[in-house]
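In what follows, chain A forms one complex with chain B and a second complex with chain C.
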Partner chain A sequence: MPVTTTEVLPIRTSDDVVRVRQAVRVRAVGIGLGLVDQTKIITAASELARNTLDYGGGGEVRLDVMQEGARRGLRLSFVDQGPGIPDIARALTDHYTTGGGLGLGLGGAKRLSNEFHIESTPGVGTRVTIARWK
Partner chain B sequence: MAVDGTAALTQTVAAEEAGIRAAWLALLKAGGSLQTGRIREAELDTQARTVLEQLRDGLAAAGTDVRADAYAALRDTLSEISRSRAIQGFTPTDTANFVFSLKEPVFAAIDRTHGGDPAAATGGTWAASHLLDALGLHTMEVFLAGREEVIGRQGQEIAELSTPVVRLWDGILALPLIGTLDSARTGVVMENLLQAIVDEEAEIAIIDITGVPTVDTLVAQHLLKAIAAARLMGADCIVSGIRPQIAQTMVHLGVELNVVSKSTLADAFALALKRTGRIVTRRQSALSPTAS
Partner chain C sequence: MDRIPILKLGGVLIVTIQVDMHDRLALALEEDLTARIAGTGARGVLIEISALEIVDSFIGRMLDNIAAISRVLDAETVVAGMRPAVAITLVELGLELTGIRTALNVERGLAMIRDRLAEDDDLESARARHDD
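Up next, the complex of A and B:
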């Protein structure tokens, strides 16, 4: 899938989460996503960026603008070198949390995206990729 | 090497102080420091004299180590100059140039005093360059620290100003939230809200989130906590200003606020009035001005 633009942002502090949201908003507007879809991908990005920060100990996000024929999309990859997720199915279960949150972020991000992919190795790190197409 | 660079520089500044100052002032004036009228000639003279004297003393006591105690007086003077120039409206470049423009006269003076000894002249020039760079950067740091102080203070002011609790009616409060809701701001919001509930003996608090750009699970959790705390204080909450896209997103996220919500602040206010036994009606005469 041809990627037209790529941007990598660090996620080290909670201010970075705000910056990620702003960058995602700019890209989402750029590919012509409607207001609802913009809000969905921004919210999903906010959840995943905060997970990267709180559970992954910080990491980075890669924003790819993709073009497939006339269709344009935004793909976000959140990568950390944190402790990893031992049981991904359980982590995706609503209201399950290990950190005192609502336990809806990861599953919510999945529901807010067109594509969702997660790979995690305990002790190595986690990569969550989501995409939203126009 | 008979004379090392630092010693050559120290000797030069001590011996040629008057000459360096005259050349430096000429350069500063030529560079336009006086043209804008922001600073008087006498003030510039005094600043140049003080800086050179303190530079001479610093060199004699501590060589080119600008972090040494012997340079404390010079660092303070430069900080003061940097600050006053920022207030006078000089750019950071102008301020740094005040120090950097000292290089040319100092290099020329080293050439005059140690011209016959190339090794000492080179060493002295290097030491001077190194020292003046460090001092120039010091003025920049002070300038930036001043700016950061202002930014930090503004951040705090925004945090306080952007979380007002307003009294709409007897016993009805509104809390219009604007901007990003992080943990620190939520703390301020909750404190203000709970205190206002006590002060106003409020029955109903309307939390308006029209100005919150993104409602994710963390924001939702903060809201739920504020609502729960308000309930414990005996006040009911109404959440208003949930835009259509936010509503859809919250449904997908699976967040349930378990609280009465209205799309606009006006609707929430109407509901709050109704709950406290009041109604808003239009005056009959105003309704039909042509009826008579």
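Up next, the complex of A and C:
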């Protein structure tokens, strides 16, 4: 899929989570997403960035603006080298959490996106990719 | 450190969240509000969020915590002015905010708190009459 713009941001502190939200907002507006769709992808990005920070021990996010014919989309990949997720199906279950959170992050981010993909290897890390199309 | 100002109007504390909330700010707000409720004996807390572009599970939890703490301290919390796009997203995220009362805007939120306080006062005076 042709990627027109790429940006990589670190996720090391909770201030980075705010910066990720702001960058996602700029890209979402840039591809012409409507207000509700903007809000959905920014919220999903906020949940996933916080997961990267709290459970992955920090990492980074890559923002790709994609063009497929006349369609434009925004793809976000959150990558960490943390402990990984041994049971992905369980981690996707609402209200399941190993930390102090509400356990809505992964499942919620999936519901808020058009595409969702997760790969995780215990001891190696986790990559969560979401996309929203105009 | 930044802090979100808390105004007092009669027996109600009013907070308007105008900035993108980061974690420390959220925790500071929880602490400040708790201290102010205890210090002033306020019976209501109104949190106005019309400037918030998103409410994620972290901010949702902060709002829930504030409502729960207020309740323990005998104060009623109302969250006012949530944007429609934020409400749609919250429901899809799965955050139901069951512990929080919401109002369309500040005016209705204040009316809600005042109604509730008036009911309490009526109950109390009825009890007082009964005791006599």
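Couple of notes before you dig in:
What we mean here is this: the second predicted complex is superposed on the first by the 134 of 134 C-alpha atoms of A that agree within 3 Å, B and C clash if a C-alpha of one lies under 4 Å from a C-alpha of the other, contacts with A are read in each partner's own complex, and residues count from 1 in each chain.
In the analysis below, a residue touches a chain if its C-beta (ideal position, glycine included) is under 8 Å from a C-beta of that chain, and two chains touch if they have at least 3 such contacts.
As the structure is a prediction and not an experimental result, all values here were calculated from the model.
After superposition onto chain A, the partners chain B and chain C occupy overlapping space and clash. In the superposition on chain A, A:E119 makes contact with neither chain B nor chain C. Once the two complexes are laid over each other on the shared chain, residue contacts for A:L35 go to chain B and to chain C alike.
Across the superposed pair, chain B and chain C both touch chain A at residues 14, 18, 21, 35-36, 38-40, 42-43, 46-47, 50, 94, 101-102, 104-105, 107-108, 111-112. Interface residues of chain C, counted against chain A in their complex, comprise 20, 22-24, 53-58, 60-61, 83-86, 88-89, 92-95. Interface of chain A with chain C (complex): residues 14-15, 17-18, 21-22, 25, 35-36, 38-40, 42-43, 46-47, 50, 94, 101-102, 104-105, 107-108, 111-112.
Taken in their complex, chain A has these residues touching chain B: 14, 18, 21, 35-36, 38-40, 42-43, 46-47, 50, 94, 101-102, 104-105, 107-108, 111-112.
Touching chain A in their complex are the following residues of chain B: 180, 182-183, 213-218, 220-221, 244-246, 248-249, 252-255.
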